[in-house]
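Listed after this line are the structures, all set down as structure tokens.
The same chain A turns up in both complexes below, where it pairs with chain B and then with chain C.
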Partner chain A sequence: MKNIEISAAQRTPKVSLDVSRRIFEIEGESYPEDTKKFYEIPIAQVLEFLALKHQDEVICKFKFKYFNSSSAKVLMDLFTAIEDSANKGNQVKVEWYFIFDDDNMKELGEEFSEELSYAKFELIEYS
Partner chain B sequence: MKALTKLDGQSYINFRKELSDRGIVFSYSGYLNEDILYGIGNALRIKMITDRTDEKISRAVFSSFVEQVQNVIRYSAETSPEVPLHDELNTPEAIVLPYGLVAIGIHPDGRYFVNCCNIIQSIDTVRISEQLESIRGLDRKQLGVLMRQQLRDGPPEGSKGAGVGFISIAREANGNWEYDIIKNFKDGFDFFTFEAHF
Partner chain C sequence: MNQFNFQNEESVLIYFQEIATSEKIVRKEEFEELLTQYSKLFKNFSRMIRISDKNEHRLQTISHELSIEKKKMEVVAEQLSRYLPKQIYRSIFAGDYALELKTRRKLLTVFFSDIKGFTEISASLQPEALTYYVNKYCSELSDIAMRHGATIDKFIGDSMMIFFGDPESKGEMEDALACVRMAVEMQLRLSELNAEWMTEGLQYPFLTRIGINTGWCNVGNFGSTTRMSYTIIGGEVNLAARIESLCEPSGVLISSETYGLVKDFVVADEKDLVTLKGIKNPVRTYSVRRLLDDGEIDTPPITLHIPGYDQVLINTHQLSLPDRLDLITSLRSVLSLLEGHKND
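This part shows the complex of A and B:
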């Protein structure tokens, strides 16, 4: 499986998957003109990656400044796949980053974490 | 060549005053696309930084602006005519530009508002008002739960996005939103306006 390395643009986040280190990362702003077009290929690959059997921990980092509601749908699909992966025996950890005063982003993380029971979840504040 | 009518500067002063009397800081009326959303959104963010607007408010205003304008772009029933210009515009699909109004401003009490208006087909009015009435009175927490439920279940029929735009706006506005529909704006079409307060 290949790594993913998509750089951040004005309205789209950085998306990366480091297959050998088992780190998936998404960072920046997400309100694409066409959400499906932007996410379809990388997310399909991440879902495939999560469905594999992993010996060591898989880490999924979410570091959003802003995401719109159609991107929230992509997040829900990812969280569902993360939970499935953990439920099938993988160790999966979600790291949800938020800027220190962004209560809304913190709350969104807490809310999305309710989708998880087998996967670990950590809220991480940064400035 | 002699102009047929004389440009009336005073009428534009009146127009500007009407906007400023309503507290409107940014306004756009016309055909919209995603570039306009990005451009106004950027200027709005910069304006709120220079105004030293509380960052929590700025984020919510920006977020609501994006959702509302995307709603207009996706659902306005009034569009420029579909002309097959694929080659000239270098696009695989025919481009139609939706028409709508966007206004962002500040109420006399200091709260921000984000307003959008567009035309909807009268046959959609019941569905849209039922959808909005179903979330009226819900608080932030309830709206968050509903949003996730809807994201899990998938978009409702007729939705071009995740189908959670209004829920997301209502959540960020802590339930401080309202809408109005004026029937028969044109034959078969109603006038829809939505406003969120921050």
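This part shows the complex of A and C:
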């Protein structure tokens, strides 16, 4: 499986998957003009990656400043896949980053964490 | 934040979850899968609404904060605008003005003015009164300058430095003419103001000298990277200042270069060649008597017939601008007196 390395743009986040280190990362703002077109290929690959059997922990990092509703739907599908992966025996950890005074992003993280019971979840504040 | 009411959807879910437990149900596994998917869809839908509401709330908060900041910025910008030439201020706030130490050569018409005997005027007035009159004087002249499209460079005590041709230019002739027209309007307005102020008790009128020159100058930002000033420098700027010092009070004295550009639109008297400090060659100047109106031809002299007096003949074309302003002031005083007697 290939790594993913998509740079951030004005309306789209940085998306990366380091297969050997088992780290998936998404960072920035997400309000693409065409959400399906932007996420379709990388997310399909990440879902495929999560469906594999992993000996060591998989880490999924989310570091958003803003995302719109259609991006939220993509995140829900991702969280479902993360939980399924953990449910099947993988060790999966979600790291949800938020800027120290961004209560909204913190609450959104908490909202998404409700989807998880097998996967680990950690809220991480940064400045 | 408001919680969306999902009572109907929840009751549907509960109802069918109860049915799913029934032994009688056919195709039980498919029914349970449908219920699971419905449950998931319902959960995601309610989550989406919560996220959407949070985002909207956040955007409203940001929008509110931005409108407050915008108002603050507008107040600051308005205050800042009074310290900068209007055109430069507009360019900076439009984002098309590069704040760098850079100059260029441009053909400009440069204006200098100062008040005759300002030292005596200052000594004769209380500081508050002096502030009042100087501010009024500067405000009136600035308003006239702005109406004519001038760039007000700076106030130096009682002096004003103004130029035409940058950052906006209508062409060298139009710029020079706008400057001369502005200068004449300033003198006319000052004659009115002086008349008013003298009745208020001002001892010495604000008689102003004006000098104008047209030539190639360096214009742009001078100074340091941390503190710069948009201004003009060059020999032609110095010449304008020297010409101003030669001007008779209440007059408008222009260089031969400026006169060459505006001669079809003004009546002016040629002056003798003079040698000016710091200027290499003797300089020819012209004293502006008045502006020519569009399509104007010579008008006949004004003749006043006053019973018991000799006939008074006023040949307006031969009056210098200061003499004309003096005459206007005198005639206004006579008119005021006559109107006073009429009411007696």
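A few notes on this one:
The definition used in the following text is that the second predicted complex is superposed on the first by the 127 of 127 C-alpha atoms of A that agree within 3 Å, B and C clash if a C-alpha of one lies under 4 Å from a C-alpha of the other, contacts with A are read in each partner's own complex, and residues count from 1 in each chain.
Here is the rule we use: a residue touches a chain if its C-beta (ideal position, glycine included) is under 8 Å from a C-beta of that chain, and two chains touch if they have at least 3 such contacts.
Being a predicted model, the structure only gives us computed values, none of them experimental.
In the model built by aligning both structures on chain A, chain B clashes with chain C. In the overlay built on the shared chain, the residue A:Gln91 is in contact with neither chain B nor chain C.
Of the two partner chains, both chain B and chain C are touched by A:Ala72.
Of the two partner chains placed by superposition, A:Ser113 touches none, neither chain B nor chain C. The partner of chain A that touches more of its residues, comparing chain B with chain C, is B. Contacts of A:Arg11 after superposition: chain B is touched, whereas chain C is not reached.
Of 9-17, 27-35, 45-53 or 117-125, the segment of chain B running into chain C after the two structures are fitted on chain A is 45-53. Touched by chain B in one complex and by chain C in the other are residues 66, 68-69, 72-73, 76, 80, 104, 107-108, 111, 114 of chain A.
The residues of chain B lying in touch with chain A in their complex are 34, 38, 55-56, 59-60, 62-63, 66-67, 70, 144-145, 147-148, 151-152, 155, 161-162, 164-165, 167-168, 172. Against chain B, the residues of chain A that register as touching in their complex are 10-11, 31, 33, 35, 66, 68-70, 72-73, 75-76, 80, 101-104, 107-108, 111-112, 114-115. Chain contact summary for the complex, chain A toward chain C: residues 66, 68-69, 72-73, 76, 80, 104, 107-108, 111, 114.
On the chain C side of its complex with chain A, the touching residues are 40, 44, 47-48, 50-52, 54-55, 57-58.
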